[in-house]
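The data blocks that follow each hold one structure.
Two complexes follow with subunit A in common, the first pairing it with subunit B and the second with subunit C.
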Partner chain A sequence: MNLLAPFIEVLTLDNIKFLLEGFMVTLKVAAISIVLSSIIGGLVGTLRYAKIPVVSQLLAVVVETIRNLPLLLIIFFTYFALPEIGIDMEIMTAAIVALTIFESAMLSEIIRSGLNSIDKGQIEAGRSSGLNYIQTLSYIVMPQALRRMVPPIVSQFISLLKDTSLAVVIALPDLLHNGQILYAQTGSGVTPIFTIVALMYFIVNFTLSRVARRLELKQV
Partner chain B sequence: MLDFSILTDNMDAFLEGFKVTLIASFIALICSFILGTLIAVMRIAPFKPINWIGTTYVEFIRNIPVLVIVFFTYLAGNFGGMAAGIIGLTVYTAAFIAEAIRAGIMSVPRGQMEAARSSGLTYGQAMRMVILPQAVKIVIPPLGNQFINLVKNSSLLAVVAGGDLMYQGDLISASTFVTFDTYIFVGLFYLILTIPLSFGVGYLEKRLARSN
Partner chain C sequence: MIEFKQVNKFYGDFQVLKDINLKINKGEVVVVVGPSGSGKSTLLRCMNHLETISEGTLTVNGVSVGDKKTDINKLRRNIGMIFQHFYLYPHKKVLENITLAPMKVLGQSVKEAKETAMYYLEKVGISDKAESYPSQLSGGQQQRVAIARGLVMKPEIMLFDEPTSALDPEMIGEVLDVMKALAKEGMTMVVVTHEMGFAKEVADRIVFMDEGRILEEAVPAEFFENPREERARLFLSRILNH
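And now, the complex of A and B:
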């Protein structure tokens, strides 16, 4: 039982409470970013799919640039560089803004390729039965595409939840941050604290990935 | 307007960071390819307890943040930032590569394995000489995507003082007090690596889709 002793030592009521507080911040930041990036990503992905001259090309450049940058750079940039041009944000706001920028770009690609996977004949059929382009998109193409998009979108949400941990670099008091503090305070060694922190992330993400797998199987 | 003197004055530091990012990503790619292949084979091996080890590894690692792993390797070992970062990235990326390779192996028809076994090859030989070469084609585009992710994730080295591009960027912005421009240049250096890779992967995916 020597192996478990350090774990039991760390798991006092106060420490668990402290970690859960951090976890609530993680979940809150993730949830807000998920909602915001779904809206923006959905809009951007649809606009790119619709091939509106100039707008679509411009969005393509922006999306490709953001997707190919490290999220850590975007977080640093939002929190440390933007104040230089007068945009000053609190830590949590900066974390949410940075995550939303990055994940919107990722989600917009999922949505665009989901829309692209629907046969073009569907649009033609919709248009020739008298619907206009927007109606065709929202009643014919979108509902079919959405079913295919759900699994990759859920995986992206899992990525987002994991990515919130990067905000420790700007001292967001999230799960990883609080874990680090406990590690420094208790001096109980690396393994117990980091295993517990990892398990907390794991439980939520694993549950999400199971849900995604179920949805995937349902479609086949 | 951007202050290009930041770039020219600190060119050595930028290039040093760029080099570390490139080397770290590359070493991590090779190592995680080897580890990932091993885990993929474990997951489909005809022996349940070995399957479980492979599955547990993949499911656990894929569902925790890479930064947790990097911090752990950094604090638990005595490696220094760059080595700890590379080990952490390898452990993380191997789980994703294992999944890509497993999907590739599963895409080879079962009959191939049966034919190889009945012509006298052992399981290991059949895997190495018959199944894996056929799986490679399907595995290459996702591997490319993992390399792009590695280049981006290698920025986590900055958090453990790994000397990479992001880390050098932080140092430059701290010494010049010009954060905005410095980060823009750091971003451009990353894009030099990731944009061509993205186009390459896109091209391979299209070609693969056509050949099927």
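And now, the complex of A and C:
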């Protein structure tokens, strides 16, 4: 009972509501970034795989640059530096843009290496039956590669969801941010508050990885 | 039908094909033999533009293969290719493997493509495996599916790149039988193989290659009994007397 007492003290309706508001911001930022970075990362990864002269090399430089910078720096840069060249964004937009830039680069690498892992003989078989390059890619290479890519892509999504918490530095009112505020207000509830915050992150991410596991098993 | 004129091919400084002149006529079965690394597979792969030639001209049905104006996809419809490692599409069932190109390239309906596919599956003797995945098939069965997949496009030419080299010995026969039947029907075939029995029995002509050059072209009886080239003699003694 003694152990639970601090939890009960913190778990007022208002406080839970406040945490859930932050949680919704986290989910919203993550969901939008996942959709955007999947599209951009998929496109970039495929274009790099296709070895289109100039375009592929150019993208390689961009991807390598982004991949080798800390996400935190990219968030700072997006929110604080871009306004200096006239690109001014709201906090949430800045967080989404920064996450999308970073995760697109990461995802494009997963997609490129997934595509590369498919035997070149598959392409030769497709092409020699008269399919053009795009048809060969979409009917033969991509479906096989996607199956292999599911686990790393999902773990990247999980990272992304957790990485949203870095946007605390630009005061994005997300789950972690609201948790910190609560703690600052109550002063005493540090363990219960962060335990609840941790649980919320865990439940979503764990569900994601279970779904991924089921997808994996299905293909066997 | 297929004609090489003074063809050379380089990989950087290394010359894979040297002064190739070769004419293959409609309905002919040409078997290409030679030691490994002699350029046999490269020669074959040039015919449907999986490899590009560096110099000279190569025409198939009068169409220049490497020409920028040539619609290579259209040309390839007419040339079936069989690989050493089959390269069936592992994520598709046998039937889907065969119907893909007819539907996407020739625009056939599902029904039409399936009917044609079943006809060719029966022809290669494995219609009962239509709903299986490639991984559930033996090597010999997979290669027969690959042949059906090639035939379903109704090509005029079939290329075979060491079709039995990856097979267990007891499965080689079933694949060679399908190829023999095909040869009897008058298919134009170019076959790279180490199966000398097949070459003797089925080939109209043997092409012997070494170090990127065609050293000898002869009918099988002549080639096997009395090869003109010293290197051909050496090759045959190695491959036949083990």
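The rule is simple: the second predicted complex is superposed on the first by the 215 of 220 C-alpha atoms of A that agree within 3 Å, B and C clash if a C-alpha of one lies under 4 Å from a C-alpha of the other, contacts with A are read in each partner's own complex, and residues count from 1 in each chain.
What we mean here is this: a contact is a pair of C-beta atoms (placed from the backbone, for glycine too) under 8 Å apart; a residue touches a chain by one contact, two chains touch by 3 or more.
Just so you know, these numbers come straight off a predicted model, no measurement behind them.
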| item | value |
| --- | --- |
| Superposition on subunit A - do subunit B and subunit C clash or fit | fit |
| Which superposed partner A:Gln57 touches (first subunit B, second subunit C, both, neither) | neither |
| Contacts of A:Asn205 with subunit B and subunit C, given as first, second, both or neither | first |
| Partner touching more residues of subunit A, whether subunit B or subunit C | B |
| Which of subunit B and subunit C A:Ser165 touches, first, second, both or neither | first |
| Which superposed partner A:Gln144 touches (first subunit B, second subunit C, both, neither) | second |
| Partner chain(s) touched by A:Gln122 [first = subunit B, second = subunit C, both, neither] | second |
| Touched partner set for A:Leu131, first subunit B, second subunit C, both or neither | second |
| Which of subunit B and subunit C A:Gln185 touches, first, second, both or neither | neither |
| Minimum C-alpha spacing, chains overlaid - subunit B and subunit C, in Å | 21 |
| Complex contacts: residues of subunit C adjacent to subunit A | 48, 50, 73-74, 76-77, 79-81, 83, 85, 87-91, 100-101, 104-106, 146, 149-150, 153 |
| Residue ranges of subunit A in contact with subunit B within the complex | 64-65, 67-73, 76-77, 80-82, 84-85, 158, 162-166, 168-169, 176, 179-180, 183, 190-191, 194, 197-198, 201-202, 205-206, 209 |
| Subunit C partner contacts - residues on subunit A that touch it in the complex | 119, 121-122, 124-132, 135, 139-140, 143-144, 147 |
| In the complex, subunit B residues that touch subunit A | 59-60, 62-69, 71-72, 75-76, 148, 151-156, 158-159, 166, 169-170, 173, 178-180, 182-184, 186-187, 190-191, 194-195, 198 |
